[in-house]
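First chain A sits with chain B, and in the next complex the same chain sits with chain C.
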Partner chain A sequence: MLQRVWALALVTGKEGIRDRSLFGILLFALFVLGLNVAVAGFFMRDLGKVTVDMNLAALSFAGLLLVFFIGINLMAKDIDKKTIHLVLSKPFSRGEYIVGKYFGLVLLVLSTLTLLLLFSSATVAGVHAMYPAYFGGFTWSVYFWAVAFIALQLALLCAIVVFFSAITTSSFITLIFSVASYLVGVTLEEVLFYLKSQAAAGEVVASQTLRSVLEVVAWLVPNFAAFDLKTEAAHGLALEPVRLLTTAGYGCGYILVLLWLATLIFRRREFN
Partner chain B sequence: MSEIVIDSLYKKYKPGLFKKPVEAVVGLSLRVPTGTVYGLVGPNGAGKSTTIRMLLNLIHPDKGEVRIADKSVSAATNADFLHAVGYLPENPYLYDHLTLRELLRFGGQVCGMSAEQIAARIEALTRQTGIAYALKRRLHTFSKGMRQRAGLCFALLHDPELVILDEPMSGLDPLGRKMVCDLILHLKQQGKTVFFCSHILSDTERLCDRIAILDQGRLVREFEAADLRAFRAGERCLEDEFVAAVEGVH
Partner chain C sequence: MCWRRGGINALMLLVVVPLYLGLSSASWEQRAQVRSTAPPGYTMPAAFSRVLAMGYQGLLSDYEFLRAATFYGDRSVKRQQMSAEDWDFFAYSLDVVTDLDPYFLDPYILGEGLLTWDTQRYAAANALLLKGMQYRTWDWQLPYYVGFNYFYFLGDSATGSTYLMQAAEIPGSPAYLKTLAARLAYYGGKSQTALLFLQQMLAETHSEALKQHMGKRLLALQGAVQIEEALQQYRDTNGADPHELSDLVRSGYLEELPQDPYGGQWTLLQNGRVYSTSKFVDAKPETK
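== the complex of A and B ==
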């Protein structure tokens, strides 16, 4: 079983890595990282924070482009072009197919992110060497933790892509649902916090129905904001191990549930 | 043992939300004994590919059952029965960015073959199908005929007992067609079961031990050894029988 999953993951990863769109995404990310070196001097006191923030944002954004444009395509192409007929005619269970494809996407994300991390670390180190006085609280360990959590966030997003690919028949619908899930997951925590603070301050509050709907959505959609450690990395704040463990557990749990649901649905699916 | 038994198979498709369901396969029953070359012919939309997809559990029948080597395909909880099956789809779409060698290696790995076995089979099959020169080329550079050959290698790599081919001659030039015919005859000599559908009646007549004509999802005629001998001797003509059988339904 593991051999089959690994073989499919490797093939999926290779397909993604050899996709020309990847070069576009890499070039864009490298341009942003390079730009960071060029404009770093404009930010004076906040130079260290801006550098770290900009680097992490570039990694995260490149990862999002990768998952939304190459990842979805890798899943959809198999079904649209009927390559899946060829794959499922081999001794693959539907579950192995889902897990293999998922790990292929994760492999693609991780290898791209590793490459970008090398450039990003060089950028941060370069700016740090040029303006050491403005990197007071910066520590590499927090920076790498932030990158690791970007990777986990993207791995969760890959699971969302796999889940929606398993239940929909169109790559466009998968894209819409995946982007919507990401946007809701990134902003919902803030929206709920705002509504609660409104209520606490005695201001005009949203209806109970709306709040209940949002609470339900908050349970359904993963909280992507939880994986964002940019602020901590930019300000050099200490990270609590409990928080790291809980967030990692939350992300892995969500991934497992999504893959399990995707497998259940995919087993019933027909391929005409 | 790789006998196929298709028992009262029914399949309906719903082409759209408010559209009437289309009957793709209606009460189809067939038996393909081990070691037989069985040809399924019929006009476009007759239900040939649907039948093949039900054999592979890619789609599920509404009613009826498919059994391969006495095991129910539809009730299979895992894909173990596919170890004995090799499948070539009509117009095989392969992983574009892989080389042919990478694709075939993938096919061997998922079938649990060792690296040495894979290398030997790649060597033999690509030579047999005349595509060994393209092993290092990426699949997106392949012509239709080359894809068909690559698909054949992928289907046969793990030396399956049952080979299912959907329009194996599609997109091939006369040399390619001859190669596929020779390959099917070679499989027959090895005692493999071959189940294929095709529009090319002359090849089907030449290769098969049994032929079935499918139209509008129904089995309208089945020819056995004696009929095929008569076709080959020129006493009867498969094309005429085909036209008569299909026009009789319409």
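== the complex of A and C ==
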């Protein structure tokens, strides 16, 4: 079974790498990294923070483009072009198909991210060498942790894409649902804590229903802000192992549940 | 058919492309004009921008900081006076930047450098620095600047030295801080104090524009220190202050009054401090 899943993952990943838009995304990320070198000099002291901000933003944004534009296509193509009949006529269970496709997406994301990480490390090291005095709190280990959690965030997003591809018939609807889930997940924490603090201060009164709704949403949508270690990386703040472990576990748990649900739904699905 | 295509190509090359190029540069010039007279703009409150940043709060803070800094830089290069509204925008922007990323050092430094000297908003500068102290607990510079503001601008030596001692206790702070605190207690609010702080700030600044900005102020303060030293000698000998500062030159304590690089006249304040009518800020043409 593992062999079959791996074979499908490899095919999916390779297919993604062949996509021409990958070059566009890579070029965009490289452009931001280059821009970083030019822009760093505009700041006074915290050049290290600005450099890390720009590098991590380039990596995570390139990852988002990758999942939304290439990832969704990879999932939808099989169904749109009916090649799924060909795949499912082979000795493949539908669950294996879902898991294989998922790992293919993750493989694509990871390989692209690794390549970008190489360039980004070179950029950070370059700017570091140019302005060694202005990299106060910077530490490589926190930087790499931040990148690892960007990867986990993207893996989570891949699971969301797979889930919506399994239940919808059109790649456009998958795109809309995935983007919406991402937007909710990334802003939820800020809104929830804001409402809590304002309600505690007595400024917002009518928000009780809204808060209850949002608290339910918080169970359904992953809190993407939890995986965001950009501030910590920018200032080299200490990371507690418990926090890293909890967050990683939370992410992996969400992925497993989502893939399980996707499999359940996909098994019952009929293809014309 | 062929001549028609040639005609279209010629028309495009000779008329439309030059027209586009001309209009494009005209539009850019127009924008420059609009921007120079436009109100400072609007910075979204952090409660909203933190959400709308979509996880890129750090990057947004960099952008907003750059926007505030270039806004000031633009007015300063064109020698346009910053109105109260402009300063409101500037101060608020720095507040939002530090809400987006409270660990970001640059806005605190820029606030300290400009809000105090250029617009006398000491409370705003101190509030900003105190916010930073909650987060950058390892950073001795922030309490150091709060201490300086209390000493030099607010004339509160007691509070000032508390903050300075707080700064001296933070690991990694320079060894001279404790001596500086003692010296400050002795000099009080004199120009020598400001000179020491400014030299320190200058030594740690990377931005060329800010270095130039502070270098000029350093020159002015050096002039003030020179006069104050002569003044002290005059007091020691004559037991009283001279009527006016030019007396120092007449009685031979100074060869000549140093130039104020900002073009002001030196005056002797009631508290015995030497100051200039320029207030160490560039004389700016009146707007509107």
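Here, the second predicted complex is superposed on the first by the 270 of 272 C-alpha atoms of A that agree within 3 Å, B and C clash if a C-alpha of one lies under 4 Å from a C-alpha of the other, contacts with A are read in each partner's own complex, and residues count from 1 in each chain.
In this text, a residue touches a chain if its C-beta (ideal position, glycine included) is under 8 Å from a C-beta of that chain, and two chains touch if they have at least 3 such contacts.
Small disclaimer: the values here were computed from a predicted structure and weren't measured.
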Classify the contacts of A:T231 with the two partner chains as first (chain B alone), second (chain C alone), both, or neither.
-> second
Kindly classify A:E15 by the partners it touches after superposition: chain B alone (first), chain C alone (second), both, or neither?
-> first
Could you look at A:E270 and tell me whether it touches chain B, chain C, both or neither (first, second, both, neither)?
-> first
More residues of chain A in touch with chain C or with chain B?
-> C
Pick one for A:Q3: touches chain B only (first), chain C only (second), both, or neither.
-> first
Is A:H85 contacted by the first partner chain B, the second partner chain C, both or neither?
-> first
Chain A partner, complex, touching residues on chain B are 13, 50, 53, 56-60, 78-80, 82-83, 85-87, 89, 92-98, 102-103, 106-107, 109-112, 138, 151, 154-155, 158, 164
Contact residues on chain C for chain A in the complex?
-> 47, 50-52, 54-59, 61-62, 65-66, 69, 101, 103-106, 109-110, 138, 204-207, 210
Inside the complex, what are the residues of chain A that reach chain B?
-> 3-4, 7-8, 10-11, 14-15, 18-19, 81-83, 85-86, 88-93, 96, 270-272
Where on chain A does chain C make contact in their complex?
-> 39, 42-47, 49-50, 52-54, 56-57, 60-61, 131, 133-134, 136-137, 183, 186-187, 190-191, 194, 224-225, 228, 230-231, 234-235, 237
